[in-house]
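Next up, some structures in structure tokens.
Shared chain: subunit A. Partners: subunit B in the first complex, subunit C in the second.
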Partner chain A sequence: MANTTNTNYGNQMLSSRIGRGFRQLMGDSSGVMTFIGLILLSLFVLMAIFAPYISPYSPVEPSGAPLLSPQWGHIMGTTNLGYDVFSRFIWGSRMALLIAVIATSIAAFIGIPTGLLVGYAGGVTDRIVTMIMDSVYTFPGLILAIAIAAMLGPGVLNISLSIAVVYIPTYYRVIRSQVSTIKSELYVEGARSIGAKNMTIIGKYILPNVLPSTIVVLSMNIADAVMTEAGLSFLGLGIPPPVPDWGYDLAKGQQFLLQNDWWMVVFPGIAIILLVLGFSMFAEGMDEYLNPNIGEKR
Partner chain B sequence: MKTYILTRILLAIPMILIILTIIFFVLRILPGNPVMALLGPKAPPEVVKAMEHQMGLDKPIIVQYGDYLGSILKGDFGVSAYTGVTVIQELMQKFPATLELTIFAMTIAVFIGIFFGTYGAYHFGRTLDIAARVYSIFVYSFPVFWFGIMLQLIFGVWLHWLPVSGRSSPFMIPNHIYTGLYVIDSILNLEWPVLVDTLYHLILPSVTLGVVISSIFVRMVRSNVILSLSSQYVVAARARGAKEKKVIFKHALKNAMAPILTIMGLEFALLLGGAVLTEVTFSWPGIGSYLVTRITYRDFPAIQGAIVFFAMFVAIVSILVDIANAWLDPRVRY
Partner chain C sequence: MQVSTKQVLLSVENLKKYFPLKIPWTQALLKRERPTVKAIDDISFNIKKGETLGLVGESGSGKTTTGRVIIRLIEPTSGRILFDKKDISKLSKENLRRARKDFQMIFQDPMASLNPYMRIGKTVSHPLEIHKIGTPAERKEKVLSLFEKVNLIPAKEFFNRFPRQLSGGQRQRVVIARAVVTNPKFIVADEATAMLDVSVRSQILKLMIDIKEDLGLTYLFITHDLASAKYICDRIAVMYLGKIVEIAKTSDLFKEPLHPYTRILMGAVPIPDPKLKRSKIIPKGEIPSPINVPSGCRFHTRCPYATKICSEEEPELVEHQGRLVACHLFDKK
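Now for the complex of A and B:
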């Protein structure tokens, strides 16, 4: 339909935009970008894995007086219930990463095979499925996720599912468009002429060629899922308290904003931003490494 | 032109139908029975039955689907289970607030985008350009609600310059409501204090949403202006001795506008998602806040109405943008 310039990974993906911006900015030194992204990422992954060992206090039990400002012992202060903000900052990475990874896996698990099969089949099926996917794609993703999350109710799997639905079309579009060009390549025709079955062609000749971009979309998608999850839990549709969750903490902190308790809202936001930036930079670096000919220069 | 508009509208119909079907599926077939949600899990079965009958939920699913499409066509979204008022009436009352916010946010985003993007392109590779690019990367990674809270903290709590929530101060509502857009109504009523109060309340929410969206515009304007700056007509204009300002704004920017308009249309869905978050952050009484509040009350007809309304809004705007685009750029044809 509309022209989508050179964007390969769906123009609604925020991580693709952030990443591309970084790549343009860094120019030849985009290796630095990938490296910074990787460091940020590993930091959060390590934080999530070793949360029980790193966090100074329990994230769900009072560890001091309520609403302490940042100070020695509570470097990010405490919440209205006396929870340590720094501990919740660390533990929050668990929820964020867990839901993002599950949501991304579900979306990929549905979107990629659909894209492969439909792209390969072509014809009327292709038109119909693409139209359905495009309709979902043009609808505001967050609002769709809100509707599904509201109906399914809280829970890790339910939230992941509602986020996943939003991103299925992204995978579908990327894969389908690649498959429809690859399937007319000479080597695919060659395979067909020597009598390869359709499934063999898809599995052996097409899939390996679309896999690199799939990896890029996966890591970009995680960043977007982190953002959507934060939005949902900010609206009260995420994991019920007291489970540490950045979006929920932000909403809670806002209630105490008028008392100038800035530490409750500044730090969870920074966590979301850093994680999103990390994934975006890393994904863009991967893209350059895996698909060197696709990138938009300048 | 006429046939183009007609084709464009006809093409939108299946899209809208698909989205309505998906919404139906999400709201009716997914677990989370609206009757149980309304009455609570301990409701006696006969009451549940009666309620299901009243809401038409005991009919076959295909009949329910037909009823659903039929009532949407008639603009009938049912009656709110929470207030007892028809949903369409509530939506119409909330819509101007959302519209006012999105118009102001879009204006701010486009303004920042054109200004920063054009200058960035003109100073390609120099400090201003790099500043524009860093801006667009970082601002884009801000969660809308977090950025809104930060502005509330700085301009509301620390500096006391601006109100942090709501659409107007008490008793500062236009006397006569014509459009529901307070800015326009207060001007029509010649109520200047009301206008000032309205604008005061509008600043933070629309800046929040506008700035986050603007990062895309900065990027798009920049790359389009770079393209047109290197084109033949710019070279020709310069050769004729046109002033630099005229070259930038009249020749380069004007020719870069058509793709920017397309992007505005594509970004609209994103803007609406952001609007929901912004409205909740600033207690802005629009459809986004309405949707989120009614979710907590499990007000099923209201939830469905709000989501269908958003879907229609996106569809209409995308049609309008395409028509505007065809009108601006005669080369656009199906």
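Now for the complex of A and C:
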């Protein structure tokens, strides 16, 4: 329903389900979970930043014989074109993070202000915008992204945009539902009674109170965006080759799996899993840290 | 010193506030008239400069709504609110926003009336920023001196704290400081002490009296706690189901309550003397629904003195021995 007020961050998001499972597994030691997530994240970020220095070969030029199995010199083997899998593993983190971050930023920049304004305004505007957002929300994410990506064509910005469209409603829903509760809080009425303008009330009294949940949605969203991006490039709708991209590598490697050349599939797969896991665990841990009300009511 | 001039600061005339009820649209099509909750049904009163008027009544009597409508946090349905001879019920949004520095509100729940993500120094100086009063340094100076006045000491330390780091009593002091920071003339205190425990309550009441005398304020003190009302108010208005049934000086009201409803309220005040036996009148039943207000005097359904006329004719608020009361027992027309 559109009017649920609890902080149920889009059950649509896969990453939230992954993270929640881990939290149940960890129980009280969710601090450890956040920590592991943070370490995974920083590893990938560092990898992305220092890719030119870490990777032993160029990811877009053949560096040895094709389809070498993992061995000294090519610790993750080589592809059918002789590219070094390890180098593509490292460079791939750049593309994954870049697109995920751009897509999430676009979604947040549209979704958050819309949620704030519409939630505060309420009334007919609220009904109409919520209806539009809900209709986008009910689409399966990947299918919508495929449709838009196919329309826009390849390119970093286009891919990001098509992923962003999928996630705008997530922000909108979370923010709107929170704003509609917060706007009837006594401190908002207090702000009105001292003569604050509507924009001041939204900016100084409502926004700070919805920001913590935004941060959680944000990091979960990045995780989901990584998966969607991998999905798109797996289907050939992503960045055109030979730009290193995990999803594309997965798709390519799949063709050689029957010959027992497992390394082309396993390593990009592990990369995607670890990065998504890192974001999910981090987000879920932050959720608990930023919303102390989950465990106990204040 | 204060009551000598007897100048009226706030005058409420025939104020009404009806809340339309939400009904399913299928029914809305069939019915011609939408049912309304008559939260305030035609009330009039004056508050003089420097005076504290108490507004007492059961929950559901409309006293909180009255407080909010008077400073236009809720729009009135009809009626006039003359503040300093200006009708604030007609002010445009922008003019109202500017005028707000002259009338402020103290809320009931100090836990909920402060923004949890705003430091309290900022919370208190924010009204000054909004109304563009003083330079940042002057504002800070003013807030610090106010903190000392409301006994948040050391003021500098409190300035950077968040509401969650404060106790209930301290938060209410912050709320009071915020209400008076713009040097308002009039303050609505809506159950300002109801959520505090008894020892803190008397401190806050005392603080409110001190501040009032310091700054020459006028209060509308809304409460259901007659002991607090007796302590702080000059006059008391008793509300029942959206109507004022009696207005009198505090001492008169406590010495000899006239309206049967006031008598019942007085009977509900505990007296710390087990030997003292009082004739208590217990009202029949619950407060009626403000959707279907009883005909005639709205209290007749529960009144022990009700006669035939009470269910037929609505009594007016008339003068009786220098006080105002709305009851047929005293209506000598």
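In this text, the second predicted complex is superposed on the first by the 288 of 298 C-alpha atoms of A that agree within 3 Å, B and C clash if a C-alpha of one lies under 4 Å from a C-alpha of the other, contacts with A are read in each partner's own complex, and residues count from 1 in each chain.
Here is the rule we go by: a residue touches a chain if its C-beta (ideal position, glycine included) is under 8 Å from a C-beta of that chain, and two chains touch if they have at least 3 such contacts.
Keep in mind that this is a model prediction, so the values were computed, not measured.
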{"item": "Simultaneous placement of subunit C and subunit B on subunit A, clash or fit", "value": "fit"}
{"item": "More subunit A residues in contact [subunit B versus subunit C]", "value": "B"}
{"item": "First (subunit B), second (subunit C), both or neither touched by A:L67", "value": "neither"}
{"item": "Touched partner set for A:E185, first subunit B, second subunit C, both or neither", "value": "second"}
{"item": "Subunit B versus subunit C as contact partner of A:A196, first or second or both or neither", "value": "second"}
{"item": "Contacts of A:L258 with subunit B and subunit C, given as first, second, both or neither", "value": "first"}
{"item": "Once both complexes are placed on the shared chain, angle at subunit A toward subunit B and subunit C, C-alpha, multiple of 10 degrees", "value": "100"}
{"item": "First, second, both or neither for A:L98, with subunit B first and subunit C second", "value": "neither"}
{"item": "Which superposed partner A:L152 touches (first subunit B, second subunit C, both, neither)", "value": "first"}
{"item": "Subunit C versus subunit B - closest C-alpha approach in the superposed model, Å", "value": "12"}
{"item": "Overlap of subunit C and subunit B interfaces on subunit A (superposed complexes)", "value": "none"}
{"item": "Residues of subunit A that touch subunit C when the two form their complex", "value": "185-187, 189-197, 200, 204-205, 208-209, 211"}
{"item": "Complex interface listing, subunit C residues touching subunit A", "value": "71, 73, 97-101, 104-105, 107-109, 112-118, 126-127, 130-131, 175, 178, 182"}
{"item": "Subunit B contact footprint on subunit A (complex, rising order)", "value": "2-3, 5, 11-12, 14, 17-18, 21-22, 24-25, 131-132, 134-136, 138-144, 146-148, 150-153, 227, 230-231, 234-237, 247, 250-251, 253-254, 257-258, 260, 262, 265-266, 268-269, 272-273, 276-277, 280, 298"}
{"item": "Subunit A-facing residues of subunit B, complex", "value": "14-15, 18-19, 22-23, 26-27, 30-32, 130, 133-134, 136-138, 140-146, 149-150, 152-153, 156-158, 164, 215-216, 219, 223, 226, 259, 262, 265-266, 269-270, 272-274, 276-277, 280-281, 291-292, 295-296, 303, 307, 310-311, 314, 318, 322"}
